[in-house]
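One chain, chain A, appears in both complexes that follow, with chain B as partner in the first and chain C in the second.
For the complex of A and B:
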């Protein structure tokens, strides 16, 4: 069980997240939807701890003042103040927006860097799993990450995150800029990860339609607050939501 | 023939000098201006261990000196650089200040004159392709090439080496995979200082341990890194060969006083023509995103 309680984030005086609480039961897929600037990425930064790194760097160069409040627990343990790499050790792994794969390393090296936390045996198992999940990566193992297409990069980014043995996998806008065919592969892969490995997944997206069928629960963010939550079907039934996020 | 043989040797010498600097910059994005000071520190420590109070045997003294220098590098990060990481100007000022303090401290502490020398691995000389070369220079080339190979293997096949490359390419993305950014910076500074030390042990027997050499090494390291493109391995080696041969050519046809002029002129030309260096990606990558 991964829980976020009353998360608040301020950039200077601007509020980016306002009292957001999210429950993520084990083995579920949670969708978080919202338009640009709704706070999706900030929420992901908060959950993965990257916000602490951003905050530290801003403080060091005397830049923007960032304040973070709220409590995050993973299986009852408070992780709110853990640095990102320690959270990754606990099993909270973020697959970031815009994929951010290592462009100068080959696909294989990307995956190996991802398995920094795993021992040899786990690495081998995970590698096999990832290559079965996204067989297309097999053809490009020796290629530099920067030369892959957007869809391939996304598969690689998810695969790389899987190599780190996540308990909770955070996918930040994984469908951004993908063709419908790749969307299907990524969405299908996401569901398969949950079904076969039991990994809890939180997925954010602007355009909710392709994601809705696989989620167990969803939240709608607007200007930093959750305005609606419920199962996929409940979200679909709400007329406001329908027009705003599903393009109906 | 002489030009080719000594050109190669000089190029390997230059790349050994620059390797530690490049390593630290490519991983921690930190220009380590204390590089030259660490270089001299290793030489002085090795001399101290062998000659003054302990008179340790040569191999022990050398390994100990390199180890201590690597530890100094790690401590510099842990206690100074960690506070100003990411602010380039402060990093340059802080590392340069540390370097100055070490070098001038050594001078004040008695590192003056020509009495400080390290013995070569193997004395004597031989002839290659009709040119007489002393064994120490051959050892330099051999160990230099072995170091390149070892570094390549380390950063491509070792778990920690791969993590270092991950941090070098995208710090935050690597963090999200459980890699500790401060830890990798400490490792990179320790490795970089160790490489400076290794270079010192190899190269100092060719001359004396004097403070000025520390400044020269720093300038050569910066020249090679800037021309090759800051933080680029291939660039460092290629630039070493360009400057290395240019120096030997000027030495052969002009005079050996021009060695430093060549290095500095090369920096100026590079900055005028292609500011990010031969293999530099500073600007280009940003544009592509």
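For the complex of A and C:
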């Protein structure tokens, strides 16, 4: 059980997240939808702890002051002030927006970097699992990450996150810039990860249509606050949501 | 829950942009700080009449401020980290010596001529390095002054290791002071204006994303070359001035000091503000003069100050001061 209670984030005086609370039961897929500037990425930064890192960098640079409030718990344990690398150790792993793979390392090396936290046995298992999940990666193991296509880079990014033995996997806009065919592969892969490994997944997306069939629960963010939450079917039934996020 | 809020002062909001100046306080708020700097710099030589040793330091401070301006512009507005500030100084110094000693030009001609021709020569010589970025450009520019020193030594040209002696010095101490002070102020405020002009905006664009600039149909190499010209122009003036101040141009004009101390000043003052570069020199150079008695131990103190600034206050004094001047903080309820 991963819970975020009353998360508030300010970038200087601008409010980016306003009282957002989400519940993530074990083994479920949670969808978070919203347009640009709704606060999706900020929420992901908060959940993964990257926000603390950004905050520190801004402080050093004399830039914006970022204030973060709220409580995050993972299985009853408070993780709100944990640094990002310690959160990753606890099993909260982020697959960042725009993939951020290591462009000058090969696919194999990228995956190995991801498995820094796990031991030899598990790395072997995980590697096999990832390569079965996304067989296209098998053909390019020796290629540099930067030379992969966008879709393959996304698979690699998800694979790299999986190598870190996540309990909660955060996927930030995994469908950005993908063709419909690749969207299907990524969405299918996401569902399979949940079904076979029981990993909890939080997925953010602007274009909700391909994601909605696989989610258990969804939240809709607007200007930093949740305006609607419910199961996938409930969200689909809402006429406003339909026109705004599903393009129907 | 309480949150510390940071908002612009009312006077800042009123005076920004529209220039709706209604009262003396607002006018003072706008022109106060630059006026303080300008007037302060101009009366400094008179104030220090009683401390002749420190009067000499003013010139050195201003020279370093000019070199720091040239580094700050190139590093924080063009994205070229140039570790070869001494190269510009050396070129300017030697050229003015050649003009003055070999060609018998008067001081008033040799300094401007050395500045302009030095900037052209430096730009042409740095041209091959312009496609490089980041650490590669830094390394190549670090090599240039070393290269110049060795060439002069090996070929024994331009006085060899002895340097060129017997340059005309400036007519009197006040001309010496005010020449460098006024030129420094012109460079400072000129550059502050320049980086917000059309050309300056394009040059800043080159730093952020040169591919986007190229896609807009602008030649990045031309822009970089022009920026190097502007920057070396300032560096060469500093060199020409130093040569006349000491009546001597030698290979110590290519010394590492002229590359490193300006960089340290920019770090302390705050990069990307231009004013910070000047402020940093006004702090750092007198400190290093004060510590002269400690001999080589001053390098240690110097390093501690620098490291402290980078680790604990990497924004620099100027950025911090500007924030305090323009904004205030208060606690608000979340």
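The working rule: the second predicted complex is superposed on the first by the 248 of 248 C-alpha atoms of A that agree within 3 Å, B and C clash if a C-alpha of one lies under 4 Å from a C-alpha of the other, contacts with A are read in each partner's own complex, and residues count from 1 in each chain.
Operating definition for what follows: a residue touches a chain if its C-beta (ideal position, glycine included) is under 8 Å from a C-beta of that chain, and two chains touch if they have at least 3 such contacts.
Just so you know, these numbers come straight off a predicted model, no measurement behind them.
After superposition onto chain A, partners chain B and chain C are found to clash with each other.
Of the two partner chains, neither chain B nor chain C is touched by A:129.
Using the contact criterion defined above for the overlaid structures, shared-chain residue A:50 touches chain B, although it does not reach chain C. Residue contacts after overlaying the shared chain place A:11 against neither chain B nor chain C. Between chain B and chain C, the partner in contact with more residues of chain A is B. Once the two complexes are laid over each other on the shared chain, residue contacts for A:112 go to chain B alone; chain C is not touched. In the superposition on chain A, A:207 makes contact with neither chain B nor chain C.
When both complexes are overlaid on chain A, the residue A:69 reaches chain C alone and has no touch with chain B. When both complexes are overlaid on chain A, the residue A:61 reaches chain B and chain C alike. Touch criterion met: A:101 reaches chain B, while chain C stays clear of it. Only one segment of chain B in 93-101, 129-137, 147-155 or 165-173 runs into chain C in the superposed model, and that segment is 93-101. Of the residues of chain A, those at positions 60-61 touch chain B in one of the two structures and chain C in the other.
Touching chain A in their complex are the following residues of chain B: 83-87, 156, 159, 162-163, 165-166, 169-170, 172-181, 285. Of all the residues in chain A, the ones that touch chain C in their complex are 8, 10, 12-13, 60-63, 65, 67, 69. Against chain A, the residues of chain C that register as touching in their complex are 1, 3-7, 270, 314-316, 319-320, 323, 334.
Residue ranges of chain A in contact with chain B, taken from their complex: 48, 50, 53, 57, 60-61, 83-85, 88-89, 93-96, 100-105, 109, 112-117, 160-161, 163-164.
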